[in-house]
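Here the structure is laid out as structure tokens; the discussion comes afterwards.
Order as written gives the chain letters A, B and C; numbering starts at 1 within each chain.
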Amino acid sequence: MDVLAVEVLRIPMAVDLAAIVIGALTGGLLAAREGFAVSGVLLLAVSGGLGGGLIRDVLLDVPVVALTNPVYLPTVGITAMVTFFFSGWLSRTTGLLVGLDALTLGFFTVIGAQKAQLAGLPVTSVVFIGVATAVGGAVIRDVLLAQRADIVQPGPYNAVAALIGASLLAVLAGPLELPLLPVAAVVIALTAGLRLVSVLRGWSAPVAID
Amino acid sequence: MDVLAVEVLRIPMAVDLAAIVIGALTGGLLAAREGFAVSGVLLLAVSGGLGGGLIRDVLLDVPVVALTNPVYLPTVGITAMVTFFFSGWLSRTTGLLVGLDALTLGFFTVIGAQKAQLAGLPVTSVVFIGVATAVGGAVIRDVLLAQRADIVQPGPYNAVAALIGASLLAVLAGPLELPLLPVAAVVIALTAGLRLVSVLRGWSAPVAID
Amino acid sequence: MDVLAVEVLRIPMAVDLAAIVIGALTGGLLAAREGFAVSGVLLLAVSGGLGGGLIRDVLLDVPVVALTNPVYLPTVGITAMVTFFFSGWLSRTTGLLVGLDALTLGFFTVIGAQKAQLAGLPVTSVVFIGVATAVGGAVIRDVLLAQRADIVQPGPYNAVAALIGASLLAVLAGPLELPLLPVAAVVIALTAGLRLVSVLRGWSAPVAID
């Protein structure tokens, strides 16, 4: 466990927290825009910021970091309150949020895939956990709103970007044993870039061929 | 584990079972009223009676009490059968059910928060687990019915009442180290009271300020 | 753990994989027919093939076999790709799929119930885990599609068939201690038969009596 803790800390705390704040922000904003109660804003902020990691830890059968870390939940709570009171003003920064959201997708992919790798899982499971961490928060959100999960529908790359990023990381930092930090940087840039470009250009994930 | 088992038993078995029966009753009744199949009545009874505790134990990464305890599932099964055959008669006791339901919210909040506290989690996580235990069953129910989770929408205090109750318990029985039994009694009364009054008076959880 | 691994292997790997492939196939086909993106086809194939086992292992608080087994996820991935490219052709084999689907329900019921039995859970929990393993994939699918879970609605036996099968196994291979292999064969045949006949004859699970 000590080794695991040290390894996960390779991603600096500040970066980790930033990803959580942005996830919580986008979740909370959506709730505020939909006219939800304060409990709804909190819930969507929690699922946006911590939902992916929560699914990851439950699947990995390890203690849920979102609960054991004393900083994560308060951070999400404060972010939710900010969204609650300043949703109007924050909504006008959509352009910024799209960029930050893409970056978060990259970070969550890397954090998830790396944790699965440290748990000694096979390559495909590393990819699966990376994708689940990246899109898990959005899936929880869609489920609570009773709307079709975004990721099953045609639309800008989301799960697909995470899938490509996680696969790259699983191979480069796995069998090929390249050093993690540069690999992580490349994967984050690639995942975020794919997401961003697909939103801006209106790329759509391919649908089944009949 | 022995310590934990002893501590959790501070809440008498009969009270615990009563909360589960009422949760199962309200879940099963809803299913019966919606014209569900027998499997639906069972499923909603299980999620109403045991869903919150199940989410709690999965998040705490401990054995799921709903499965290890030999009495819980049979109790819920019998309750579901009662609802299945007497839903018409039971539905006419709505007033009683609203009161019992509020009491159950209080009990589940306390049972969840206490278990998180015994697991040594930080204060905010204790609050989170308390709320998740209290409203988890209702969330599972809404998800299975594909309706927007009750707790994200404006309406009578539910998650909000549990949030206030769990926060009080986390502080009083946590850092302030007051004895658990009186604290639990106060928190249950407060949570149930908030829920009950908000239903009767039509109070609504606040929505985001634009 | 060694004993557990040996015991679970009593069900031959090939049978296990066949059940997973059929589950993934029905999930992926549904996604393809609904015009989902490639990520949606993958997701529904994963939930159809591995969702039930995933819920089972999370509830049993044991490592998730879908992740630790190096063959399962690749198998599902390949199956998803086959559905993605040949959905039109596969859809015309509906009759075959209904039969295979019923068989899968039987297998998942037995695999789930047996694993719960080996974990030393009480009889009702064995039944619960058997049913959850059998219908868990379909529930995840319905939740992601934001449609009412099939199993709560009147319709052909599904959860009900699994419930009858799991109960039989829990009693025969539990307190009565009959040898597992013949019991498993009988339960699989019974569960699959109930499912198949109810689909063909239009039997419907009973609804609540008012």
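The rule is simple: contacts are C-beta pairs under 8 Å (C-beta built on N, C-alpha and C of every residue); 3 or more make two chains touch, one makes a residue touch a chain.
Not measured: the values here are computed from a predicted model.
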item	value
Homomeric contact chain A-chain C: same or different residue positions, threshold half	different
Chain A onto chain B, rotation angle from CA fit, given as a multiple of 5 degrees	120
CA centroid of chain A to CA centroid of chain C, Å	29
Touching two or more other chains - residue numbers and ranges from chain C	58, 61, 143, 146
Touch list for chain C against partner chain A, complex	31-32, 35-44, 46, 54, 57-58, 61-64, 66-70, 73-74, 77, 83-85, 87-88, 143-146
Interface residues, chain A side, partner chain C - complex	58-61, 116, 121-122, 124-125, 128-129, 139, 142-143, 146-149, 151-155, 158-160, 163, 204-210
